[in-house]
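Each chain gets a letter, A, B, C and D, in the order it is written, and its residues are counted from 1.
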């Protein structure tokens, strides 16, 4: 009833009854764009608040509780502050690159939004290479970080950017391999195919050992890829003050900040799609009554519930673990995660050929 | 063997991480452990320790009398020159001239709350108050005169 | 080793040393010229083995400066105090920073606070005072700073 | 230090860590020469908060100068005050009443625990884990409350006076300390769960910043920094003062000499402090809390030196008296100053991230270094 697909269909029918098909398409595209930007702003606010609350409760504090009821408007107030702040450009900086970098980070995050299925039949662009597209586009992120670090004309920024480059390029591998595990089991790169293949059970339940290993590898790899603690070496504040965004202020800083959170959301959404079935409700084999009850919960709630569970996991990591050192970070990838995920891919392939999964 | 050592290493590492995560999850779910004091909101119920050294005050009784004889012991004891005693000549009822304090000037901005003046005072004329909200908009407001206007020394205090 | 035994031992090493009575530790007054070889003997002699220089400072006596070295041994647990009288106008003494590494920083501190020149010190630069400090040495008795020093 | 200064080759980066930097916990300025991520040289620049306490003390009387020393190593201000009071008492030949001695030792050990708690939180924060900082402050807060109740202040107490302590213990003191001990024992295992046992933390700390025993002594290191290398240098054991020779506690020693050993020393030292407090808390003798002293103190002509063990290492107070009411010259041998000088030696060849860990385990308090 209240699922996104239902609303979208209503809207489509209503628009079609007023305009001709071309105008309908144009209006729908504009609406989608506005919705994505709105989603961005909304997600940014919600995730920042969520992060601060999670951190506070773990750290036996109360967290934001001054602005608005229960401090809910805190991140709105912060955004307002950042908007009215002056965006400084340092004297020796490469002005063009310095100013472009945060927008590239933002554009990458926006592009990644395209193939994500937010609810049943609610997807901006269901392309046949969906998963490949996500892993390809997300690596553009490193360019914006390198640009920011280089153009700032600051040694801390440069070191942060170089660290980040090494880190993202390495962890791309095991993230890709763990995604590949699911692709092998499904036999398709298309997001909708992957979700539909989980109608009888999510991959995390029916995939046995290879999928569990892939899930753990995926979480570690994406935590590193989004530069979040314990892999936040690019901005390690006790070593590099703030890493690649040391020189940024005002809204340009806020864009980096927002892009980081959006990226977290997207990788968690991809994780939820691949391993936890996306918007697919929780089904158990042939228990039709149970399955029908589960179907009553709207698919958008399933999707956001799973995504936020993954986001909580990543936040939980951040507020528990100390940071790794740069050589240990690369050791972890090349000596542990990469061999494990390669062997795991072999296992998954064998399993897919022999049909051992449910 | 190499592979067993490798697996053991991974197992131990993951276990240590899970132990830490269990601990943080405990605090995430147990909100009664929160220790935050919401300071400006709890001002009515906030009780400072009775010995807390906030600022130097001179207690007066209801007849506007204090116990300060003007012996300057506090002025000498102070390491920072926080206290200055200014004298005036007063006529006693018998018509004799008597030295008494006019003003006991106290510079709160110089004070380090070391309690040495209170220790040095032989007649217990000054003591430490438990106030702590000392911020003001102008520095001159921090220079205080401890004796009330028109106050006299208490009878029997020498 | 007890003070008396130390006294005998040190008289053997450096006959020109004079001893001050009083105080809990043995006070030895030496000539600054004898300091470097004497220091090496103190550090390397197995009976003495003064391997821990726990305090290095200087005193301005208005007529002269006195370098004070507090030495201790982590193996024998005995302590001595070495004092060397320096000329106030041209204070110079050999560095001991290669014998006790901790002297490096302490000598730099004494250098800027009292103006004592440590000969052959590897890196005798200002440590605490701002670069380009000119003027008197702050811990000398005749130092005056009308702006930053508050007289009570 | 003994290579030619400024031996930078092409491709080296020189970065300023500090004076305003999150890892320096204050205003320490380190000029670091880096080759990629590897440290080639660390050069400390000091003096950003130098207040010349030694010069200030020359114009203060023997009662007054004690309060200034709280501002040196503000985390163990009680122990600094204790050192000064002991040194003045040594000159005055005053016998301190037994009650005052016990109170002083109790306060010292509480301060030591509080200081190590803060260090533990800050150490974890240097390595990027924020949560332990708040958990450490929970225990530290209850010590501060005890201090506030008895001494009237939370950080710079000025509770020690020559001849004893300024005020008697608060009636609730014993009850509050016992409550603290219970809280501490209930929470101590969390330290291991959150930080010590953590595989990331252990990998970051083990084998980092190795300091050999010979170098530790030569560089004048003291306290946990030297004991981590196996050098027995606890002044409380080696040159006992006050009543430490009558108490049962162990000098904590580790032999590895790396950052993890220095970390473990401090954690284990907290247990020893707890042990001392448990011995004393029910056995506080009755009597005066302060010996009778003259209103104006005059030290005889001579030199007096007192060594005490602060939370960071050996603090020496060296008073040169000319027989007046103020010291002629006073020198504080601060532990942080010597411990800092070893940083260049141990940091060379390690990674930038390790430098932060090493600075954490040396437990530098900048006002202590700058005085």
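Worth a mention:
Here is the rule we go by: a contact is a pair of C-beta atoms (placed from the backbone, for glycine too) under 8 Å apart; a residue touches a chain by one contact, two chains touch by 3 or more.
Worth saying up front: this structure is predicted, and the values here are computed from it rather than measured.
The most central chain, judged by C-alpha centres against the centre of all protein C-alpha atoms, is D. Farthest chain from chain C, judged by C-alpha centroids: A. When the C-beta pairs in contact are tallied for B-D and for A-B, the bigger tally goes to B-D. Mean C-alpha positions place chain B and chain C at a centre distance of 42 Å. Chain B and chain D have Cα centroids separated by 25 Å.
Chain A and chain B have Cα centroids lying 51 Å from one another.
Taking each chain's centre as the average of its CA atoms, chain A and chain C sit 63 Å apart. Residue positions of chain A touching 2 or more other chains, listed in rising order: 58-61, 319-321. Residue positions 131, 138, 194-195, 198, 200 of chain D are each in touch with at least two other chains. Among the residues of chain C, those touching two or more other chains are numbered 152. Chain D makes touch with chain A in their complex at residues 13, 15, 21-23, 37, 124-131, 133-135, 138, 194-195, 198, 200-201, 203-204, 351-356. Residue ranges on chain A touching chain B, taken from their complex, read 54, 57-62, 65, 316-317, 319-321, 336. Across the interface of their complex, chain A is touched by residues 10, 17, 20-21, 23-25, 27-28, 31, 33-36, 38 of chain B.
Residues 55, 58-61, 155-156, 159, 229-230, 232-233, 236-241, 319-328 of chain A are the ones touching chain D in the complex. Chain D makes touch with chain C in their complex at residues 1-2, 5, 44-47, 50, 52, 54-55, 59, 215, 217-220, 222, 231-233, 238-239, 302-303, 305, 307, 314, 316, 318, 320, 328-329, 331, 333, 337-338, 340-342, 345, 370.
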